[in-house]
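What follows is a pair of complexes built around subunit A, which joins subunit B in one and subunit C in the other.
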Partner chain A sequence: MQDSSPVAAGRQDNVASKRTTPTHRTFGRGFLILASLVLVAVLLAQILHATGTIDTGFADWRPVLYAYLFWSIALGVEQVMVRGQRGLRALFLLPAVLFTLAVVIFPTLFGFYIASLDWNLSSLEGPHFNGLNNLIALFQDDYYWNALGNMVFYTVSVLGEYVIAFGLALLLNAEIRGRKFFRVVFLLPMMLSPVAVSWMIGKSLLEYRFGPVATLARDLGWDNPAFFAHPWIARFSIDAMDAWVWIPFVMIILLAGLQAMPKEVLEAAKVDGANGWQSFRHVTFPIMLPVSITVLIIRIIFKLKLADIVINVTAGGPGGATDTVSSFIYRVYRDRSNVGYGTGLAIFYLLLIVVFLMVLLRLSSRWAQKVA
Partner chain B sequence: MTVLAPAPHRKRRTAPRARWAAGRVLIYAALAFWAFVCLFPIYWTVTTSFKSAVDVTQGHLIPWVDFQPDWKGFRSLGLSPDTILQTSTARAEFTSRFTNSVLASVGASLLALVLGSLAAYGLSRFRYKFAWMRNDDILFFFMSQLILPPVVLALPFLVLYKALALLDTTFGLILLYTLTVLPIVIWIMRDQFNSIPIELDEAAFVDGLSVWGAFLRIILPLAVPGMAAAFILSLVLCWNEYFFAALLTSTDAKTLPVMVASQTGSQGINWWSMAALSTAAIAPLVLVGIFLERYIVSGLTTGAGK
Partner chain C sequence: MNQQEHDQHSLTRPNRRTVLKGAASAAALGTTGALGAFSNIALAQGNLRAQILQIPGIGKGAPTDADWQKVGELCLGPTKANVKEGEFKGVELSFMGLNNQNLHNLLFRGFLKPWEAYTGAKISWIDLAQADYNPRLQQAIATGTVDFDILEMGAPFEGDVCGKGLASEMPDWVKKQVDIDDYVDYLKPPVGTWNGKTYRITIDGDCHNFNYRTDVFSDATLAKAWKDAGNASEWGVPKTWQQVQAVTKFLKGKKIKGKDVYGYLDAPKPWGGFGFYFLGSRATAYAKHPDDKAWLFDVDTMKPRINNPAWVRAIQDVVDALPSEPADQLNADPNTTGFQQFLAGIGSMIPWWGDIGQVAKASDTSVIGDVVGFDILPGSDDVYNAKTGKWDKLASGPNHAPNCAYLGWGIYVMARVNGDEKKHKAAWSAAAHVGGKDLSLWTVMYPSGFQVHRTSHSNIDEWVAAGYDRKYITSYLNSQFSSYNHPNRAVEPRIPGIFQYYSIAEDELTKIFAGKVDAQTGANNIAAAWEKLTDQIGREKQIGLYKASLGV
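Moving on, here comes the complex of A and B:
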């Protein structure tokens, strides 16, 4: 399967490859063939059983899972038996690859299939093929495009989180007392479950009647502190909660980058008479650029999955103003049981994300080269 | 951030002493402000679980001064000192959800750590070729799993798990959670292994160890900081996961976030019991954050150094 050659221990290769004897190789191949036959046989039997062609079969598809596990082990044994030292190296990568193939690639392909079905769990008819009708319906679904529009806002707001997180990282990196205390405290929001945060902040702190923040807002002269009634205010409130949870993550990675920065560079800037802002603008920021781009992209990826806070605080309201694509599709599943259409929306979203991130990666690497 | 301009890099000789002092005040003011922003919601939740209705509506904040704390919230969960010895259905449900969360998050984090460390070590030390894919492509393949939104996988998994009889089982959740955190583990662990000099592997080979011997006995013990960071980060993500748990579990394998969410949904729920439930749900990870914070930072330091 893989062809691995060592980076370091090239000399070992010749010695080691001698250890595989023809007997070993035959045994390894035979074992793999046997396991493949078992896998195919179980799969075939179960398909025939499910379609009603044969009566004997298993109650569910779990034996197929066991057969796949057995086949994976056989593949590992075969690698070692046939390819010796190189097989041993392949063993490091194989488990993760086989696991990912089983739980990602297969379900995703299956998702494409579901997306082409007209399948409503609450209707009496079963699923039937629908072609591209889900895709056509999608383009006329205003709520979906509204959710996509909201995602643009949520994604752009990552920049704001980045600025705050960078500021906090610089603060923690400065010569301060009680750094450990502040570091622990600043990290805490990251540990909290967004669902608990939905209640803690969204439903109690920001609560219209008794919430302390609403009371404070009244004292400050805002007569009607409804955080989830006006579309833009609601969007900002939701985003603030999500930012509250995630800023620590961005901050910690930026802080790690700052701590790994060579001290001499800043010393040199100081000697050259640069003030605080100048040394940040011309030294710290450019050095931190690769870390910044990495953390921004990871943060954007997680932002594009935002759902739990929206589902639990506003359920997309008012009038879809806070809806994310994920929370919208969640409601299509939960409330309308429209699984074919919902999966179609999800797959379309996935394609959009992939294109968007590709462009973003390309642009950011080009930009990083220009600045650096 | 304007606060940062007078940061400590400023030359003290040219800057007047007063300005330096003002800078210090600004820095500490900013630190104190953000500490308040981080802590107040937690403080509010914990104290609210000890409040009665009047204390909530009148916005009392400080225990023993504003209001007399009472085990009200925890009593409704069956977790207060006077109810802890009696049987309680609320507590039975809570413990079952709590156990599910622990099993799912620890199980998934361990599995991801094993799979991810092996793959990361392989990618950092050997050159693989699989069809057209080289090391960088394989790494990109793993990392690209991160972008899959849960909504894409949710439904195929619902159908598949039904067929595999894995619906509403903790094992099913473990598989799914492992998948969601595996890219992060590989990312952290690869940088960790890259930071360990390859000469150590060579020395181990000279001493007669095999690749696996060198990995298990020499390199892995050195990678413990990265493993701790990866494990804690996975634990946080799995413990707090809501979307899959809400769709794929119903009675047996329900996790804590699902329980919390189902309680918020019902209108007119008592604030104190909701606050007690939230407190109990966040407490384990808050403790993890307080006591294991340095492992997260030190583990990620090697990661961000690249």
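Moving on, here comes the complex of A and C:
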């Protein structure tokens, strides 16, 4: 039987590291230093070339990527050569770390740099450093704050979605006929692309002239069933479409939580004489709280990114009533090629979301403890 | 600009194929025998133009790649006159264009296949959807990564491309080969040129015309109601925007054949910048003075005119007309007004590009094929003179100023081929083949995404021979050519970032139309944002480019 105690592991490490000879270690370190020099040299040369400081350079930034890959390999070799067995273990983690560094950390940091530029793709002078001007402009941008205001409405509406989803989850968790069928059917909206939903519902079912919903509304006495011509009706219509897509997601997570709930607790409550509401209020809901908080946080993150339905159905109108931060950024970036400012808006929004979610997590954690 | 050029806004689009199916129908060439007879006559006359118009033939289904190749092969004559067989062997060219509706680049591929076989050159293709086109082009320009030799591009981008020295000047032999003098007036210089140099082979024409319902404006009941309402004028098609407003308000609540009839249809919902053209069509008659080439900015300062009395009047007209339009009009973009409303029988007047006339008769969703008429855009009883700050009444009558919106697609050769003589000639030869005179007649009659743009396209007999109904096509082409050739046409400024100006305006206009701000305040906001944008892009250079684009 294999000895997996920490002492044994340490012993193995010692044995393994003893196998790395000074020659190996020197070679490993040397190789990494060489690769680092190559990476720095290529990067520096390309930066100088791109900024026009030197004439010679590469046609594009691809060699820098190759140099980074070479450096990554050298780092792996160095780990094995210098640290032996422990280095081999590090190899399991290194690719993920280096990949994350390349495609998450670096682009985010680069985003901060772009956000500090005055860079309109049509500008004849090209990009130039702008300091905090994009941030200052953002605070004076009515469209941005209008969109943020709308996001408050959209975010609060997640609570309504949660209530509906919880109800559906309870229903599908009960011993009802055809529940397997309904579980699949209720999941269908989630499988649809929001763009398809925009067209199928926003531009077809809710269409003022021939949409079945509009026709039904007329039959019910609403003379002019225009779902996107009045600010609050438009806001609710957009939110209803988004909710229709995402309620199944919330529902399925809650359903999984309900199914994992120990049956004994509910049976004990029943024996103690609790009715349905009391069981839910004092047993099911508190037990489900961690799952609820998790799914609400995830759903809020999705909601804060709402854009596709808005872009397709109302383009943010009427008069900005349905605009979201993402759809506004889309217009600034895509329609107006304002790369620096658009990135600034996105980065600021990212920071807002991070702060908001941290506060939300802290508050919900305290509340969960209190309820429990 | 064609409807299909805005593919993110529409799933189903009409195409010229459907026009031909309907317009031609059985009448002219409905039988194989008739087609055969026509073919024989054409061949007997050695008439290349008539010959290519039979490929694949009216009512013979949508053209395929084989048809495009056949047309390309038959139109190789001018190329053969300027290029020896195999002269471009070893030359590789890259062509960037659109793939909207499986047209544009896909046609060019077919047209250029025989050209490749003859010259020995090889072309690789960069196909882009409309939504990806602008960002891709802007990024290529901004980052200096132009990786294409030949480019399909709209004239509004000439400021971005030609103004930055990225395009190759057209050689004289190309001008001769494509018969550049055949272009309609408004597509002649300064369009396609920059600082006196010619860069563009025009393959498309775009202009807003006025589409109206003939049944509404000849309805006796409405005529009586119009008189009963105390109107002194006769009931008929409005000729001025003042009349459009009056008719739109009058028609509120009226019915024709038991259905609600509406007047003018505005398109208040933003449409990626393109929606601004529709306010422009309302504004040009007020804002484009015959004595002044400029109508959007002051020439010497780039000071926006969007908040002058002319534009504010046009904006206010929309605000005033909206209550008389369908209840959900606020959420209608131009695609909705054109294809879901007007063609479906809702509304009696809209401005649009030539697409409406092309599809009205034959689209499956169109119910107005027999009751649609065409004209140039309405005029105005008075026109604002930005230089004097006063409204003028012209001795000649109402001021008309057709809105030459978007100016159509063209083929450009990039400056990066200039260093290689063989490649330079090859690129221009390929562009000239695609933009050839005879080939262009085929593209404006068959599904291609392109509309009439040459004087030679106005030969009604050729259209009738190809299968179009004479009365219908005459009305349609007259509205197009009268707009193109109008002495006071409002030509779009071809300055860098023009769509950014439009997009910004759309955002503010939607607030005005929703009643959040009044017309003057909203217009002032647009002007302020435009000033900021001009400063960001570079005011002094922008002024220079604006002047160049206006040819002043």
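Quick note on the criterion: the second predicted complex is superposed on the first by the 325 of 372 C-alpha atoms of A that agree within 3 Å, B and C clash if a C-alpha of one lies under 4 Å from a C-alpha of the other, contacts with A are read in each partner's own complex, and residues count from 1 in each chain.
FYI, a residue touches a chain if its C-beta (ideal position, glycine included) is under 8 Å from a C-beta of that chain, and two chains touch if they have at least 3 such contacts.
The structure presented is a predicted model; accordingly, all values stated were derived computationally and were not measured.
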Partner chain in contact with A:199 - subunit B first, subunit C second, else both or neither: both
First (subunit B), second (subunit C), both or neither touched by A:188: first
Partner chain in contact with A:160 - subunit B first, subunit C second, else both or neither: neither
Touched subunit A residues, subunit B compared with subunit C: B
Subunit B versus subunit C as contact partner of A:60, first or second or both or neither: both
Partner chain(s) touched by A:30 [first = subunit B, second = subunit C, both, neither]: neither
Partner chain in contact with A:93 - subunit B first, subunit C second, else both or neither: first
First, second, both or neither for A:331, with subunit B first and subunit C second: second
First (subunit B), second (subunit C), both or neither touched by A:209: both
Doubly contacted subunit A residues - partners subunit C and subunit B: 60, 199, 209, 334, 339
Residues on subunit A engaged by subunit C in the complex (per definition of touch): 60, 118-126, 143, 199, 207-209, 224, 226-229, 231, 234, 313-321, 331, 334-339
Residue ranges of subunit C in contact with subunit A within the complex: 11, 134-135, 138-139, 141-142, 145, 160, 163-164, 268-273, 326-331, 333, 340-341, 344, 346, 496-497, 499-500, 503-504, 507, 510-511, 513-516, 533, 536-538, 541-542
Subunit A-facing residues of subunit B, complex: 1, 3-11, 27-28, 30-31, 34-35, 37-42, 44-45, 48, 56-57, 59, 61, 114-116, 118-119, 121-123, 125-130, 138, 141-142, 145-160, 163-166, 175-176, 178-179, 182, 186, 198, 201-202, 205, 210-212, 215, 236, 239-240, 242-243, 246-247, 256-258, 260-261, 264-265, 271, 274-275, 278, 281-282, 285-286, 288-290, 293, 296-297, 300-301, 303-306
Subunit B-facing residues of subunit A, complex: 1-9, 12, 59-62, 64-65, 85, 88-93, 95-97, 99-100, 103-104, 107-108, 110-111, 114, 163-164, 166-168, 170-171, 174-176, 182-201, 203-205, 209-210, 212, 215, 244, 252-257, 259-260, 266, 269-270, 273, 275-277, 279-280, 290-291, 294-295, 298, 301, 304-305, 307-308, 311-312, 325-326, 329-330, 333-334, 339, 342-343, 345-347, 349-350, 353-354, 357
